[in-house]
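We call the chains A, B, C and D, going by the order they appear; numbering starts again at 1 in every chain.
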Amino acid sequence: MTVDVAWAIGWTRATAERVIARRAELNGLDRQIGDGDHGENLARGFTAVVARLDALEEEPAAIGDVLKLIATTLMSTVGGAAGPLYGTAYLRAAKVTGSPTLDSRAVVAMLEAGLEGIVARGKATTGEKTMVDAWAPAVEAAVAATDAGAEPAAVLAAAATAAEAGVAATIPLVATKGRASYLGERSAGHQDPGATSTAIVLRAAADAAVDVVTQSRA
Amino acid sequence: MKKLINDPQAVVKETIEGFGWAHADIVSVSIDPDFVSRAGGAVAGKVGLVSGGGSGHEPLHAGFVGVGMLDAAVPGAVFTSPTPDQIAPAFAAANGGAGVLAIVKNYTGDVLNFETAVELAEADDIEVATVIVNDDVAVEDSLYTAGRRGVAGTVLVEKIAGASAERGDDLAAVTAIAQRVNTNAKSMGVALTACIVPHAGEPSFDLPEDEIEIGIGIHGEPGRRRIPLASADDITEMLLTPVADDLALAAGEDVLLFVNGMGGTPASELYIVYRQARKLLEARGVKVTRSLVGNYVTSLEMQGASVTVLRLDSELTALWDAPVHTAALRW
Amino acid sequence: MKKLINDPQAVVKETIEGFGWAHADIVSVSIDPDFVSRAGGAVAGKVGLVSGGGSGHEPLHAGFVGVGMLDAAVPGAVFTSPTPDQIAPAFAAANGGAGVLAIVKNYTGDVLNFETAVELAEADDIEVATVIVNDDVAVEDSLYTAGRRGVAGTVLVEKIAGASAERGDDLAAVTAIAQRVNTNAKSMGVALTACIVPHAGEPSFDLPEDEIEIGIGIHGEPGRRRIPLASADDITEMLLTPVADDLALAAGEDVLLFVNGMGGTPASELYIVYRQARKLLEARGVKVTRSLVGNYVTSLEMQGASVTVLRLDSELTALWDAPVHTAALRW
Amino acid sequence: MTVDVAWAIGWTRATAERVIARRAELNGLDRQIGDGDHGENLARGFTAVVARLDALEEEPAAIGDVLKLIATTLMSTVGGAAGPLYGTAYLRAAKVTGSPTLDSRAVVAMLEAGLEGIVARGKATTGEKTMVDAWAPAVEAAVAATDAGAEPAAVLAAAATAAEAGVAATIPLVATKGRASYLGERSAGHQDPGATSTAIVLRAAADAAVDVVTQSRA
């Protein structure tokens, strides 16, 4: 089994729907330890992504084409910390996904590239209360699932579940990167907005894979 | 939420459009990509100065575009740094062939987006130097944070570096001056109330009637600690002391004292803060030779103020005194 | 009540003390009696301009003392007109031998106290002419009121009459110019929130989250009517229309458009109001040739704005453009 | 029976005590239809009056001396509309009270002079929702009481009672003078602060006369 371009498009649209639907929640998390715009930033960015997807004349040939469209759109519309971070993640992921389909190993490579992009730009390691705290366990879980022989949909589901656990684990952390770090000790006790949106993105990827599988079976 | 706005998403565009009409003699405004540049275009042979950042800090930065200060300003969404595809064209608009200095407040988002824009500009053969402003002493231990934030001191960097560029200094010299101002300027702020970001519609934090936030930034975020409301004199002392200590001000030194309003505080209160800050400096034997009081780096309608002290030498003083002709600062 | 103040009764004195230190190159400050005058003293042979009124409207009036504008300003307690024994010495400080023009906003208290001060000054052989500013079109029927109030238009009167005095006009001519500005300037304001007078400690009125006051003055008083919150464009139309109608503006005329903040409204919102006011004027064929946007006549921390339109002719335009060097207005 | 300089001083101190005690109430009334400073203005003024009274080296010879001290102090410390209005009232009253004692007719003359001063400065007539609406009925009642043979204390009591009725009668009025007039119809339904302070001043005068009478009988 593989995931394909239709999956990538489904993933993108699901991500857009979900960050828009959860805009206020993400703003609210960011208001507590940041400046209250994380949901706004992503909603603006993914609204633009969907508009550009809709405007495409023909279906992209490779998954990487979809991811590159996302990358450039986020970079030019999101701003803030999340724009360059997600933008770089999608850009690096696009570079390793130049084919029409991905098997489980290729899905892992995509996730690893995304994480590397974020770390390259943001210089955060795990435990700093950032989106890395969702991405890193997600990558680890994806590797483990693949090693255990899982299909792409299951690999993505494992990644999403690990990301969600990572999100919860950000709550007690004291931020040492990004805007939340200015709060010092006061940042503890709040969930990181960027980790939260990462889990949304990865859960959308997993759900889109299930949808595609379901559809192809029907 | 009560604001004189139309669509929350249109706030920035409508603001800079109105700003452009009101100050057409000084600036010209680009919409999509959004940026503000000098009415006459880039000045040939002069180092161009570009700054930018999230909106909501008006008059920063667009209010400081003009002769003697910035060549271009790039407003992001409210409290959100602008994107590289706005910043890069602003670099181009500011470039008179002698390179561009980017003045960037130290926030992860601003730093990352400017970084990318610099790469884009350099691909177009525009030389760009960057100075990161990080004057906020509220952020004490920069080992465990994204580093100190850029706050009100940014205005001083922009004014003085602007004068340096205007007198014909080259990019390295303008950059060094900007860096010198940043090194010698320190700030600390207090919030009496939160602010309301238009798209959020809710206060950025809840603050009881009898408490204030000390050590705030300029994005409506809570500060380093929450304390009971105190007198203006006591609050001013809490702001001025860490600033003066961090600068290790010695008796006999000259300084510029800048009391900045966060947007919603009446001018009268800023002068009451200024009065006490000045007394405290004089008690240390420090001489206030230049002053600035007003709303220059704001957080929307937040009530509060910050105190910035800049250590002056004769060159910085002369550059401060040099003519400036912008919407918000003019002499 | 959250304010950066010490003793509520000391607010005015501490404010003007701080103001005097911050702007020592421009003003000199007298305490007991409290007034602010030009640093260099009265200008021999020049008509002296004095204004004053309750405090809480900063930068009005002290912020407009300096070359090209006022010679002295007299601050009363917050929202309370000053007393004759402050005003009369200010007349004396402003008198360079060519007489003094008193610019008085039309409030019973201001009018009465200035009247008495004029009597005192005349007893000391200082000639004083008075212009009463009453630009507020919100007060429709002046038969049943104390007459229209003086609001933001006051700044325009002070600037233009100041330029007239500076170029050497005699007292009658300066008075006539001031009167001409007053006749041709009309204003209307809106409040989104009330303000809190320091000694009162409570908001000047209660306004639900979804209502605003249209037709307010500048003393935190309620307006002519309360309406549901609306968009900036709609609110601006409610302000601009009565102003333009009252002036009977005709297509082809030149005007100065002044959007004034009440103190607590961010600059961005003022530019959004400016943008729409300008569109509406242009739709009438009226040309905006000069602009002013900012907090100039405030009501402490009140959120809101007023729109003022001044019909220009070439003389008024030239006087507006003439140099001015005050703490709050400078070019 | 007459009232004397001791009465005038007692009246002044009682007025000061009462306007200071009722400062917040007067501010509150003024906040509803004005600018919220009436209590503050009078408290500031009468605090200064008492300070100057305390600083006097010898007791004033005439009642008018006390009233003149009040007049000049209020004029130089109150500001606002109330400063010149009360200042002129006391000044005019001082002019007709140049003697050490006043009988009922002289008390009436004092009150009439006060009212004339307010009208001369403020140009208000009754029904405009100003302090005139307390002063005018007070003068009328004082005349009637005097015509009916009342002693000064009773004359002042009649004046105070009429002033208090006048205060209540300001509530339904639409203001056409002073700051409240800017509210138009919205000024109806609120009690005028200046009329209220007038009633306080006159009640203090009546109470001081009773105190003096009581003391002189003791």
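Going forward, a residue touches a chain if its C-beta (ideal position, glycine included) is under 8 Å from a C-beta of that chain, and two chains touch if they have at least 3 such contacts.
This structure is a prediction, so every number in the text was calculated from the model and none was measured.
Enquirer: Report the inter-centroid distance (CA atoms only) between subunit B and subunit D in whole Å.
Expert: A distance of 55 Å separates the two centres.
Enquirer: Please report how many Å separate the Cα centroid of subunit B from that of subunit C, as a whole number.
Expert: Subunit B and subunit C have C-alpha centres separated by 29 Å.
Enquirer: List the centre-to-centre spacing of subunit C and subunit D in whole Å, with centres computed as mean CA coordinates.
Expert: 33
Enquirer: Touching at least two other chains at once: which residues of subunit C meet that condition?
Expert: Answer for subunit C, listing residues that touch two or more other chains: there are none.
Enquirer: Name the residues of subunit A that each touch 2 or more other chains.
Expert: In subunit A, nothing touches at least two other chains.
Enquirer: Answer with line, ring, star, complete or other to describe the graph linking chains that touch.
Expert: line
Enquirer: Which chain pairs here would you call touching?
Expert: Touch list across chains, by label: A-B, B-C, C-D.
Enquirer: Which residues, counting only subunit A, touch subunit B once they are in their complex?
Expert: So the residues of subunit A in touch with subunit B come to 27, 31-37, 40-41, 44, 75-85, 121-122, 174, 176-179, 181-184, 186.
Enquirer: Per the contact definition, I'd like the list of subunit B residues that touch subunit A in the complex.
Expert: 9, 54, 76-85, 107-109, 112-113, 115-116, 138-139, 144-146, 149, 197, 199-200, 202, 204-205, 217, 219-222, 224-225
Enquirer: Report the residues of subunit C in contact with subunit B in the complex, numbered from low to high.
Expert: Against subunit B, the touching part of subunit C is residues 1-6, 11-12, 14-19, 21-23, 55-56, 58-59, 63, 192-193, 209, 212, 229, 231-233, 235-236, 263-275, 278, 288, 291, 293, 295, 298, 300-301, 303-305, 330-331.
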